[in-house]
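In order of appearance the chains are A, B, C, D, E and F, and numbering begins at 1 in each one.
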Amino acid sequence: MAATQFHHDESLLDLIDRVGDLKFLPRTGWLLAGVTGAESVADHSCGVALIALFLAETINADWTAQGIDEPLRVDQVMALALIHDLAESLLTDLPRRSSSLLGESVKHSVETQAMHEILDHLPNGAYYHNLWQSYNTASTPEARLIKDVDKLEMAAQALRYAQRGHRNLQEFWQGRHWHYPISQSLFEQLLRRHLPDAL
Amino acid sequence: MAATQFHHDESLLDLIDRVGDLKFLPRTGWLLAGVTGAESVADHSCGVALIALFLAETINADWTAQGIDEPLRVDQVMALALIHDLAESLLTDLPRRSSSLLGESVKHSVETQAMHEILDHLPNGAYYHNLWQSYNTASTPEARLIKDVDKLEMAAQALRYAQRGHRNLQEFWQGRHWHYPISQSLFEQLLRRHLPDAL
Amino acid sequence: MAATQFHHDESLLDLIDRVGDLKFLPRTGWLLAGVTGAESVADHSCGVALIALFLAETINADWTAQGIDEPLRVDQVMALALIHDLAESLLTDLPRRSSSLLGESVKHSVETQAMHEILDHLPNGAYYHNLWQSYNTASTPEARLIKDVDKLEMAAQALRYAQRGHRNLQEFWQGRHWHYPISQSLFEQLLRRHLPDAL
Amino acid sequence: MAATQFHHDESLLDLIDRVGDLKFLPRTGWLLAGVTGAESVADHSCGVALIALFLAETINADWTAQGIDEPLRVDQVMALALIHDLAESLLTDLPRRSSSLLGESVKHSVETQAMHEILDHLPNGAYYHNLWQSYNTASTPEARLIKDVDKLEMAAQALRYAQRGHRNLQEFWQGRHWHYPISQSLFEQLLRRHLPDAL
Amino acid sequence: MAATQFHHDESLLDLIDRVGDLKFLPRTGWLLAGVTGAESVADHSCGVALIALFLAETINADWTAQGIDEPLRVDQVMALALIHDLAESLLTDLPRRSSSLLGESVKHSVETQAMHEILDHLPNGAYYHNLWQSYNTASTPEARLIKDVDKLEMAAQALRYAQRGHRNLQEFWQGRHWHYPISQSLFEQLLRRHLPDAL
Amino acid sequence: MAATQFHHDESLLDLIDRVGDLKFLPRTGWLLAGVTGAESVADHSCGVALIALFLAETINADWTAQGIDEPLRVDQVMALALIHDLAESLLTDLPRRSSSLLGESVKHSVETQAMHEILDHLPNGAYYHNLWQSYNTASTPEARLIKDVDKLEMAAQALRYAQRGHRNLQEFWQGRHWHYPISQSLFEQLLRRHLPDAL
C-alpha cells in the first residue's frame, strides 16, 4: 500500500470516528435551556444539508430575484452544510457564552486547527478546508446561504421544542438577520405555522 | 405570490417538518436490539453523507482502480445520501422483519408514494425522485456507492454500540457484500480498529 | 419431549422475546409529536388492561344501563387488552400516516400474518387469534370495550404529556367516538380533571 | 348521579392516574444496577400478564402433569398479574435492601393500606383486594403461578440487559425457586437461548 | 493492616458505592409529575451544598440581622448539605405519599438504621450521625439553614422544569415556610426572575 | 436595600442558575465514549465532595502517616470539592482533546474569567477565588486531596460504566498518579472490588 493511500485510509477511519462524535454530542445550547433528548450535532447538520439543498434549488429556479449573479453551486452548498460544524467533533459545541469568554479570534484559531487535523490527510482536504474558511467569512453566495440555513434550522428546532412546552427559547429565533430574502420569508412562514402567538 | 412559488414555499415548510421527523425517529433496528439513546434517522443520514463525500473523493483520486468508467459525480453522491432514507420521515423506519412481512414490492410502492408526497412540489423534485429511484435499483455508480456507505455506516454504529457492551449486534456487520473494493477494505480496517476480537 | 410440547416451549420463549419487543418499542405517535421518554407499547397495553378490567366491572355492576344483553366476559376483556397491539412486536407501531399510505387492507393483512406467526404454536392460539380478529371488527361487546379503552388510555396519556407542556397533542383526544356511554362520561371527567381549559 | 356511581367514577379516574404512575416509575432494581432507560413497572406488569396468560394455557393443556387438582382459572391469572404490583403506584418500587430495612411486616402493612386506597371504591374492589392478598401468601395455584412468572419475567429482562453488556445482574436470575416444573424448564431454556455462557 | 484501618477502608469503598447510588437514583417527586431526565439525588445534594455555602457566607456577613447568636459554622453547613439525603442511597427517595403511608416515626426509624449502616464504620461517623440527627430535629441554626435550602433548591428546580413547560409543579414551590428571612427573600426573587406570572 | 446587599442577592440568584447549569451539563468525556444517561457535572461534584469529606477524616485520624504537617482543614476540602468544576457552568466541560487544542494557558485564563464572573459579587468571593486558584496549582494539602479525589471519583464512575458493559473506558482509570498513599490504596481496592479482571 502506498503511503498516500495509507494516510487516506487512516483519515477515512478517523473521519468515521468523527461522525460518531457528531452523533454522540448534543447541541449545548439546548442542554443549557433544559431540553431533554436534545438533538445531536449530526441531527442539525443533516437538517441544514437537506434544507439547504432544496432552498438552493428554489433560489436557482429564479436566482436573479435573490440578488445573485449566477446560480448557486449546489454541490458546494451540500458540502458546506455537511462540514460547517465538523470541528465540533473535536472541540464539542461551545455555547455562545463560552465563545465570548474565549474571544472570536481564539475560537476561530482552535477551530482552524481542528479542521486541519480532520481534513489535511483526506483526499481534496485542502479544497474542503478552504470551503469551510469561506463559510467563516461568509465570502461566497453558497457560504451565505449556509449561514442563513444554520439559523433557520435552529429556529425550526427551537419551535419544535416550544411545541413541547419550552418557554425560554425565544433567543433561538429572535433578532435574526438574513442574507437572502427567501430565508426571511421562509422563517416568517415557519413562525406563522408553528407559533402563531409569537407574531 | 405566484401559485408555483406558493407550492414551493409550502413544500419547503413541509420539508422542514420532515427534517424534524427524521430527528425524532430512532433507527428501529437498534431499538429492537435494546439499544438506549439510539441514533436518529437524521444522525445516520448525516453519517452516510459525510462518509460518502470523502469516500467518493478517495475513489475519484484513482477511479480506474475501483472499476468505474468516469469519476463519481460528487453532487449526486451527497444528494443521494441525504435523501436515501427520506421516505422514513413519513413511514418510520420499518425493521427487516416488518419489511419481509410486507413484501419488497409493497414496501417499495409505499416508499414511492411517500417520496412523491415529499418531493413533488419541491423545485427539481422530479430530478431528485428519479435519483432516489436509481438508489433503489442500484443502477448508477453513485447509487452503488451509497448502498455501500449505508451498510458501512451502520456497521460503524454497531461497532460503537458493541464498545458499549452490546453482544447481540453481529447481524449489523456480518455477511456484508460490497460494490466497491475500497468499501470492503475500509470495513475490514474498521473492524480491526474497533473490534479486533471479531476477526 | 413430545413434538407438540417442543413447539409450545419454543413458542413461549418466542412470546417472551415479543414481550421484550413491546417494552423496547415506543409508541410512534408520541415520537413524531416530539415527546421524549415516550411510553412503550407495553406501557400502553398494561394501561388498557387495568382500565378495561375495572371499567368492565363497573359496567357489569349495572350492565343493562350500558345497552348490552348480558354482562361482559371479563376474561375476554383482559385477554383482548393484552393482545390487541401484540402484532406491533413484529411490525412496530405504524403511525396513522404510515397506515394510510399502506391502506387499511394491506395493514390488516400484515397484522394478521404477524399474529399467526406469534400465536399459531401457542396453546389455544387459534382461540386468541379469533379473539383478536373480533377486536378488528369490533364484533363483540368486549371488543367494543377495548376499542373505547384504547382511545381513553391514549387520551389519558396525551393529557399527561400536555401537563408536561406539550401544545400539539389535541389530535390525541379530540373527535373521539365511543361505544359505551360510560366511556364518554369518563373521558369528559378526565378532561375536566386534567385539562379544564380544554372544555 | 347516585353516590355509589360517583365513588366509582372518581375511583376509576384515580385508577387512571395510578396507571400513569406505573408508567412513570422505573423498576428500582435496574436503576441501582446502573441500567439506563430502565423498564417501567407497567412494562413489567404487561410482561407478567402476557406470559402468565399463555403459560396458564400451556399448563391447562395438561394440568395434571403440573401437580394441580384442576385447571388454572385464567381470568384470575390475568387479574393477579395486572394488580400484583399496583401498590407501587403509591409506594414506588422499594428495592430489596429498602424492604429489608423496613421489615416484611411493615412493608406488607403499607402495601395493604395502599391497595385499600386504590381498590376500596372500585366495583368489586374487595374481591380484587382478596385476590391480591392471595398473591402475598401464595395461597392459590394462580397466585403461585404469578409468583413464578414475576421471577421469570424479571430474569428475562435481566438477560436482555445482559445482552446490552451488563455484567452485574446475576442476582436477578440466580438462585430462583419455582412452584411449577414448567417454570423451571422455561427458565432454563431461556438462559440457554440468551446467555449460553451462563450454563 | 490494623482492624480499624480495614473497617475504614471497607466503609470508604462502601461510601463510594453509595455515591454511585445517589447518582443513579432520580428524585421520585419529579418522576411522578412526569418529568423526563429528572435530576438525581446527587444533583440535588450538590445544589443544596453550593447554595447553602454561599447563603451561609451571606448570612455571616451580617448574622445579627438574621436573628442568630453567632455566625453559622460553614463546615457544618456543607457537611449537612452533603449528607442530608444520604440515607436515600439505601432506601431510595420515598415520595410524600409513600412517607405518609409509612408514618413519620417508621420513616425516621429506617432512615436512622440506614445512616448507621453507612456511617458507623467511617472515621468520625458518630459525629456525622449526630449532625444528621440535628437536621431531622432542626435543632441548630445550621440544620435550619439546610431545611431552608433543601426547599429553596427544590423550588429552583421546579421552576426550571416549569420553564420546560410543566404545568403541574406548583406544589413544589407553594406554601413554603422559611426559618431565615433571607431564604424567603431569595425565594421571592427567584419566582420573580423565573416565573413572573406566578406572582 | 443597600447596593452591596443587592449585588449579593443578584449573585446568589445567578449562583442558583449556575447550579442548574451544572445539573443540565453531562460530563463530556462520557458522551464521547458513547455513554448514555451520562452523569452531570453536579453529580460528579457531589461525589467528589462526599468522598473527599470522609477521606479527609480518614487522613486526619492518622495524618502523620500521610506525610502532611498538620490535619487537613475539612471545611476547605468540602468547599474546594464543591467549586472545583464550577467554571464549567459557564464554559461547559471541555474534553481533554479540546483543552489540548486550546492550550493550558488559554484554558486557565478563560476559567479564571469565568470564576471571577461567578464569584466576584458573592460574599467572601475573593477567598473562594483564591481557594480555587490553589486547586489549579495544587499548592495546598487540601488542593492535592481534591486532585486525588477528582481522579478517584472519575475512576469509580468509569468502573460503574464498565459494569454496564463499556469496553473503552480504560483511559479513565489507567496511569493515574496520586498525591496521597491512601488514595492509591483506595483506588487499587476499588479496582479489585469492581473489576477484578483488570488487575
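The rule is short, and it goes like this: a residue touches a chain if its C-beta (ideal position, glycine included) is under 8 Å from a C-beta of that chain, and two chains touch if they have at least 3 such contacts.
In this text the structure is predicted, and so the values were computed from the model without any measurement.
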Which chains are shared contacts of chain A and chain F? B, E
Moving only from a chain to one it touches, give the least number of moves from chain A to chain E. 1
Would you mind working out whether chain A and chain B touch using mostly the same residue numbers, over half shared, or mostly different ones? same
Please work out the Cα centroid separation of chain B and chain D, and write it as a whole number of Å. 42
In whole angstrom, what separates the CA-based centres of chain E and chain F? 20
Compute the distance, rounded to whole Å, between the mean C-alpha positions of chain A and chain D. 49
Using the touch rule from the top of the page, what residues of chain F touch 2 or more other chains? 20, 34, 36-37, 160, 164-167
Given which chains touch which, is the overall layout a line, a ring, a star, complete, or other? other
Would you please name all pairs of chains that touch? A-B, A-C, A-E, A-F, B-C, B-D, B-F, C-D, C-E, D-E, D-F, E-F
In the complex, chain B residues that touch chain C: 20-21, 24-26, 28, 31-32, 34, 90-92, 94-95, 97-98, 101-102, 106, 110, 113-114
Going by the contact rule set out above, which residues of chain B touch chain F in the complex? 36-37, 160-166
Can you list the chain C residues touching chain A in their complex? 33-37, 164-168
Over in the complex, which chain F residues touch chain E? Could you list them? 8-9, 11-13, 15-16, 18-20, 22-23, 39-40, 42-43, 45-47, 49-51, 53-55, 57-58, 60-61, 74-75, 78-79, 82-83, 86, 122-124, 152-153, 156-157, 160, 185-186, 189-190, 193
